[in-house]
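Okay, so subunit A shows up in both of these, paired with subunit B first and subunit C after.
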Partner chain A sequence: MFDVFFVQQLVNGLSIGLIYALMAIGFTLIFGVLNVVNFAHGEVYMIGAFAGLLAITQLAPPLFAVILVALAFGALAGFGLERIAFRPFRRFRDEASLKSKAIREATLLSSLAVSIIVRELAEKIFGSNMQSIPQEYLLLKPIEIGPLSFANGQFLIFGLSIVMLGGLQWLLKHTRVGLSIRAVANNPMGAAYVGINTERTIIATFVIGSTLGAIAGLIVGLYQGAIFPAMGFAPGVKAFVAMVMGGLSSIGGAVVCALILGMAEAITTSFFAQGWGDLVAYLFLVITLVFFPTGLFGGGRERV
Partner chain B sequence: MRRLISISILLLAVLLVLPGVLSAVGGGYWFRVTTTIGVFSILTMSANLITGTTGLMSLGHAGFYGIGAYTTALLATKLHWPFFLTLPVAGVVTAVFGILLALPTMRLIGIYFAVATLGLGEIIHVTLLNWVDFTRGPMGISAIPGISLDGLFSASDITNYYAVAIIALLAALVLGRLTHSYYGNALRAVREDDQCAASMGLNVVGLKIQSFAFACFFAGVAGGLWAHTTGYISPGDFRFSESILILAMMVVGGLGSIPGAVLGAVILLGLPEVLRPIGDYRMIVVGAVMFFSILFLPRGLLGETSVLSVVRRQFGLAWDRTLNLGWRQ
Partner chain C sequence: MMRFKQCKTLLTTVCLVALSCGASAQNKTVAIGYQAPLSGENAQYGTVFRNSATLAVDEFNKSGRLPGVTIQLKFEDSKSDAKEGVNIARKFSDDASIVGVIGDFNSTVSMAAGQVYAQTKVPQLSQTASHPDYVKISEYQFRNINTQAYEGPLIAKWAFDSGAKKVAVIAIQNDWGQSAAGNFVQGFKALGGTVTETEFFNPGTRDFRSILTKIARSQPDAIFVGAFYEDGSAFLQQKVQMGLKQPVFATSSLYEKKLLELAGPAANGVYLTSTFVVESTEPHVAAFVKNYEARYNGKPQQFAAQAYDATNIMLNAIVAAGGANATRAKVRDALAATKDFPGVTGTTSFDPATREPIKLLSKLQVQDGKFVSVK
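And then the complex of A and B:
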């Protein structure tokens, strides 16, 4: 059972799961604050990868600087996304309409439309094929530990995810921005009454969530050697599944479920053909929604 | 009387004028464009029953369309069934699959339903792509016989056009009668407030399943038409982006409106053809049209209420207030 191959697959699954976790946090933050699903999150992931790739091909800076570039573009993408796809639909300020069904569905559709436009524009500019990435930036150098062989990208993923998850916890618990994000997520009207600038908090949420997504996109692109315009769709859906499984507003739950999902996928692909791996996430989604409508770790929430 | 006139004008336009114009401008290519528009009109009208009338946003409609297309293609190529058997069977098979797959998702609402159907659509797509023994995987199924009947007519662009046009008209008739009736009112009640509808004694889950089954039936028939008219299908035709295209057509035309669904299909498939230079940018146009219509025309070009009043003015029968019947505003 616990042969080398299996452990290897588990480690691969864990690193992919951490990537899903980074994306799922972006979803969860935005869902917590606005109660809407951001369908363009996958495109933020793609933008992060492409921004990093452009930086690599144009300037060839050290990896650290590439990550900073992706971070900046992710923040910019998050800001722009909020302005274009979400702001115009928040015409009313009261809580009922902020969390109403109509706004949810309108922003679902508008973020979907924005994601189509962004993805197709990227295809027009870069072509729909995978981009070639300079060898020295690929995160695939093998590192042998005993009988196991890891890629250096996996260490980067582990390190960076833990830093970012820890940083996010610190940000949410110990800074003013984090406090206002938690306040708006809890009660937007109440937050507005005590003098929190809700609009600015919402933008901050989008920026934070999108930087996490953009970094995830860049690292995965370099780790898997695959950067292409449609790369964001599958991880986006999987991150959404992780969010739903985790109980929607629970960041810890989303992270745990993302790890479970990544490992389940890695195990599936080691027994079946590659293509069936995608099925796992969708099956998990349907099973969760049907049997655990409040998520595996969720507290109370409204009807789903 | 006015109703008769309107209907005969519609029939005349679809069955005589449009094919005449199309053959006059050079046939072939334009017939294929119109056929595609027809197939997508059927799809959009059927998706409209779920999304527009019952209020369940479905993001997996292309998957059911794919089930219909593959059923037809396999029956026609392996068992050599003629089209008049494959099309209804494709519809029924798709409806059965729709019910089976939708049963677990029926208690979900709003975005949860949307994402669950997205999952279902992707499950279907992944299965079509990977079940190579049965569906031939990414190679797709080719050499599907066209629509022909020995001694009467053979497969050609005009036959395809008439087959699609007649079935689209039938679908519009059936779905129109379905939505503009007491039954349609019940579906609208579910859309507006399902808890309230349940407390008024409506069987909400039953209604949702029934509307899903009807919509899947027509999606399956549309898939069958697509398989017969193009002769070649592959899993790429039934991806998530096609579901989005269908959704965009609905949003542009107006949710819950049958003429709107057809108009949306005409606009989103016709525009790229007419504006040849931007043909490459089709999906961008789709996205942009969808975005701006959500922003500026939340009811679509022909929103349900305005369409209802148009229909009542034009056809004014089942909605006649004095008859005390049907949908009243």
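And then the complex of A and C:
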């Protein structure tokens, strides 16, 4: 059982996990600041892919420029999303409202509503089927290293997740925006009292998180050869699981857990059947929540 | 005074309505219920069904084959969800104007709805449900597609004769996929071949590399794929990327132009079967292709043709059942008596006892990005 095919299976698992990780990074960033799940992150991911695809079919620019287009649309989508689904629920500044569960749940539902509306709109406009992608843009070129086969997309995804994770850490630790994001995440009222513009910080968080989501959507779409309106749903669920397992606000933790999920799926397929892969992934979630209620990397936060 | 005037207007309206009712008694409306996924993940198939069925009914109403009767299509969106399918079945059953139902898309939803139609005694004709148990629900279930019990062994023999002695099987994890894989495996083993690996993938899977690695390890001579074209094209692309060289044999569900667009050069070499060949020169097939293309800006594919034939078979049955006087029971009997129906998916008969359709299959191969007939 432990032959070269098993090593190939680990490579497969790593690449599945990295896809979940790419999505989980932006997802966790937004949760960390607002303490609210952003269900529309999967649609931002989809918007990134469609924006990139439109750029490809209309202008056929080099891949680097396509990524810039996805980036721009992701930023725009994040800004709009915050405006429509999140800001209206922050009208009440008193402490009772800030701690109210009802407000938190209303925000969660409004992001879910936006997600459904955007997805259905995309289905109306583009149809629910997969879009044809010009072959030369697909990130599926085989690269063989010894007996193992890789795709060029896998290297790009690997590089991208390192850049995103590293860049985000740098941003959060060394820039003014990043520092204010961390301050707001830590204590929004305290941040406001020391003169941080919390509104602007929250917008910045959405823009940054959605940009990351949109780029992830484009690259994964080109790597899987599958761009369609519901594409954000399945990885969104896995990214959510990774975020919860990782302790909700730990970006590094979410990435590690995403990799665990991907590996679990590939190895389960190898030893049992693909149908059991999801079961094993969710089993990990249950075990984590039972033994580490605050997640693997959650630290001393309140119970999930 | 005002009130009196209003009363008068009301009276006139009532008279007018009564008059128009009297007029429409001459022009009776008979309805066909059509349930299909018009939104959600399988909406692309449902939309195609709606196009084809509307085309068939419009042609029929124009042809004047039933003077004084207008056939109406009533669509409901099942979202490929068995629960929705059952709700629609109840709704259609309660609608007295409906004499027969076409749909649903996949076997799972068709069978769930079929349980209701069996109780309420409404004839149901699915254009695509190919699970063996579907027609066994009751004598009210019909289908216009070859079952995997027929297609599976045929593909198995084709693969075996082409020299493959060991095959790996991959199919979608649903009722249809299981029967596709099961029938192929049974047929292939009966010929003396070995099946190295049978793998099912969850609907919505985009990454087939783990399964491909498992298949590569089992070292088959050929791979059998039971999937729809979207999953099929992702599978074919990743198969090429992973460096697997084995030939692929597939069910008619991959006969779709989109497969060639999505998979690109990765589709080349795939062997598959089909009942409908869009390039056919037979006059009635060519006419259907032309009319469909003129109206919907795109060539019809296998599923469009299945739905077009299913609608016409239903219309034929309504004519045979007495047109304006058709009842659900008479339509059922007429459907069961369908013989040598000249459809665009080949000449179709329903076996009177099992209600299974009998259709011929053509063999195709993808060569240079085109479907080509092969022996």
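Following the convention adopted for this analysis, the second predicted complex is superposed on the first by the 278 of 304 C-alpha atoms of A that agree within 3 Å, B and C clash if a C-alpha of one lies under 4 Å from a C-alpha of the other, contacts with A are read in each partner's own complex, and residues count from 1 in each chain.
Operating definition for what follows: a residue touches a chain if its C-beta (ideal position, glycine included) is under 8 Å from a C-beta of that chain, and two chains touch if they have at least 3 such contacts.
In this text the structure is predicted, and so the values were computed from the model without any measurement.
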First, second, both or neither for A:F5, with subunit B first and subunit C second: second
Touched partner set for A:H174, first subunit B, second subunit C, both or neither: neither
Which superposed partner A:P88 touches (first subunit B, second subunit C, both, neither): first
Subunit B versus subunit C as contact partner of A:L283, first or second or both or neither: first
Subunit B versus subunit C as contact partner of A:F240, first or second or both or neither: first
Subunit B versus subunit C as contact partner of A:L112, first or second or both or neither: first
Subunit B versus subunit C as contact partner of A:G225, first or second or both or neither: second
First (subunit B), second (subunit C), both or neither touched by A:E120: both
Intersection of subunit A interface sets (partners subunit B, subunit C): 120, 273, 275, 278
List of subunit B residues in touch with subunit A within their complex: 57, 104-105, 107-112, 114-116, 118-120, 122-123, 126-127, 129-130, 240-241, 244, 247-248, 251, 280-281, 283-284, 286-288, 290-291, 294-295, 298
Complex interface listing, subunit C residues touching subunit A: 39-44, 47, 173, 199-202, 204-207, 209-211, 213-214, 216-217, 230, 233-234, 237-238, 240-243, 258, 261-265
In the complex, subunit A residues that touch subunit C: 3, 5, 8-9, 12-13, 15-16, 19, 120, 123, 127-130, 132-133, 135, 138, 140-142, 144, 149, 151, 224-226, 228, 230-231, 234, 265-266, 269-270, 273-275, 277-278
Residue numbers on subunit A that touch subunit B, as the complex places them: 36-37, 85, 88-89, 101, 104-106, 108-110, 112-117, 120-121, 124, 233, 237, 240-241, 244, 273, 275-276, 278-279, 281-283, 285-286, 289-290, 293, 303-304
